[in-house]
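Next come two complexes, and both contain subunit A; in the first it sits with subunit B, in the second with subunit C.
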Partner chain A sequence: MRLVKEPGSARSGFKDWYLQRLSAVVLAVLLPMPFVVLILVYAGVVDQFGLLDIVDNFVSRLLHTILITALIIHAYMGLKVMIEDYVAAIGWRVTLIGSMLVVMSGFGIWWMAIIWAWGG
Partner chain B sequence: MAEMIQLSVFRYDPEKGGKPFMQAYEVPVSGPGMKLLDALNYIKWQLDGTLTYRRSCGEGVCGSDGLNINGINGLACITPIAGLKQPIHVRPLPSMEVIRDLVVDMDHFFDQYRQIQPWLQAVTPMPEHERLQSPAQRAELDGQYECILCGCCTTACPSWWWNGDRFLGPATLLQANRWIVDSRDEAMGDRLDQLEDAFRLYRCHQIMNCMEACPKELNPTAAIDNIKRKILARKS
Partner chain C sequence: MIASLAHRASGVVLVLFVPLYLWLLHGMTGSPDNFIQVQAWLHSGLGKLLLWLAGVALFFHFCNGLRFLSIDAGWFESRQLMRLSARIILAMTLLAALLLGLLL
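Let's look at the complex of A and B:
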């Protein structure tokens, strides 16, 4: 019998799994909204000032913030799983996941700044 | 003249060296209901005694003869020859080290099985006769206990191919769930503690190859989902 030096459970994984599903539900609800707005614009139902009113609205900004947060969390979790699946070397895994976290966080902060600074 | 079937069988002998290769054989159909194991036995006993494979019960109970048959994992002893495209390509279970021909090294697979401590664990004193279950509690074990640990599901799982050193795989997780749902077992908390891990459990991406491959028609994906739900329930 071969004996394996087994490190046991890291007590991790649940949060990633849960956040990925929770963010998917948020995306399913909120992601169609910008497309609806776009369709309304292209259909001529909403003009430029109407669009600015929508974007400027506090509730819209709040929903926009939730949408971007969910999008970043979902994308991060999904790509993290892919890196864990395909990149075997721990050093590369940590580097790639860390880099992704920095880039995505930066992107999120930049986008939030645009959302909340708009029309300031 | 008897109807003949064509087989192409994976051969590898590390003692002789060289690369693995596929060897062609022609076997007469022995009768209706002939199984793939019958064809392998014919090769072994009549044509080529050097062909090496595992077998034991010959009726889908022991799980010894898990093989990759025309690209799909299954048990040779319960796979009918009729309906298989010829030549029938017979290979060892994928993603396992080959010891010789169709025999693979199952050590790691059984190491993982041992990690889930597959026995009943209870702290309450043993009753005078036995630990009883209601029919409903017993029914919870249906679809769990039938697993024969042939390895067909685990070796069909891409997540196990990629991260088999850490992901426990469908068979082991199905077995873990077998004890989690057992009303007599009192170690569910410890079992969930040991499974809650990004690699051990959550590497399952619900690809569902396991379900397709299982020769006993069990559903390891559902068992894994049940474990995830149990962890969710105790955190919510």
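Let's look at the complex of A and C:
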């Protein structure tokens, strides 16, 4: 019997590749927006009421939720590839990828809770 | 090669900026006092530096990401064009870093 060097099936590779590109397209459309808003607030062009007008409505919350989802998928896939490339020990790899998934999901839930709680 | 490594490095920077962004967003949409505190922090040396770093990383990751997507789609696939586009994006990033540094 041949020695199995890598865990996981060969089938999952395409799904990862595809999800990474799909989330990239979503991020390319959505991610510049919060950065521009951040710069506008920094520059004093938008004050706190202006900022709340921008973020505190249904469309912004929905877009923010889509952004968070795509961001977490993209970041998870990206860091997973890096861990797989640079961490050789299988035990460490599984531990790191697993804890990353838990931390990122927790983060995403917290973030969404903040967004959907605005305005009471 | 350099573009791929820089894509990873800028990606890690952007991931690390996410908790900071959440903190900024949370503070700026909180009480007026929170807003003033966050504004003051953003205008401090560290705030400016991190904002600049995130901006440059985002700019590079965005442009180079579009480049990767085009290559996957079969455009600019030749060796020379891949090299040329990588150089153009690096030059654009340097320019953007300079501009953002002057503006902030």
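List of remarks:
The rule we apply is simple: the second predicted complex is superposed on the first by the 105 of 120 C-alpha atoms of A that agree within 3 Å, B and C clash if a C-alpha of one lies under 4 Å from a C-alpha of the other, contacts with A are read in each partner's own complex, and residues count from 1 in each chain.
Just so we're on the same page, a residue touches a chain if its C-beta (ideal position, glycine included) is under 8 Å from a C-beta of that chain, and two chains touch if they have at least 3 such contacts.
Just so you know, these numbers come straight off a predicted model, no measurement behind them.
More residues of subunit A are touched by C (comparison of subunit B with subunit C).
With both structures placed on the common chain, the touch criterion links A:G91 to neither subunit B nor subunit C. In the superposition on chain A, contact is made by A:P32 with subunit C only, not with subunit B.
Contact with subunit B, but none with subunit C, is seen for A:F14 once the two complexes are overlaid on the shared chain. Using the contact criterion defined above for the overlaid structures, shared-chain residue A:Y42 touches subunit C, although it does not reach subunit B. Once the two complexes are overlaid on the shared chain, A:L71 sits against subunit C while remaining clear of subunit B.
Subunit B meets subunit A in the complex at residues 107-108, 111, 115, 159, 162-163, 193-203, 205, 228, 231-232, 235.
Contacts from subunit C toward subunit A in the complex involve residues 8, 11-12, 14-15, 18-19, 21-22, 24-26, 28-29, 32, 35, 39, 42-43, 51, 54-55, 58, 62, 65-66, 68-69, 72, 104. Residue ranges of subunit A in contact with subunit B, taken from their complex: 1-2, 4, 6, 8-14, 16-18, 81, 84-86. Residues of subunit A touching subunit C in their complex: 21, 24-25, 27-28, 31-32, 34-35, 38-39, 41-42, 48, 51-52, 55-56, 71, 75, 78-79, 82, 107, 110-111, 114, 118.
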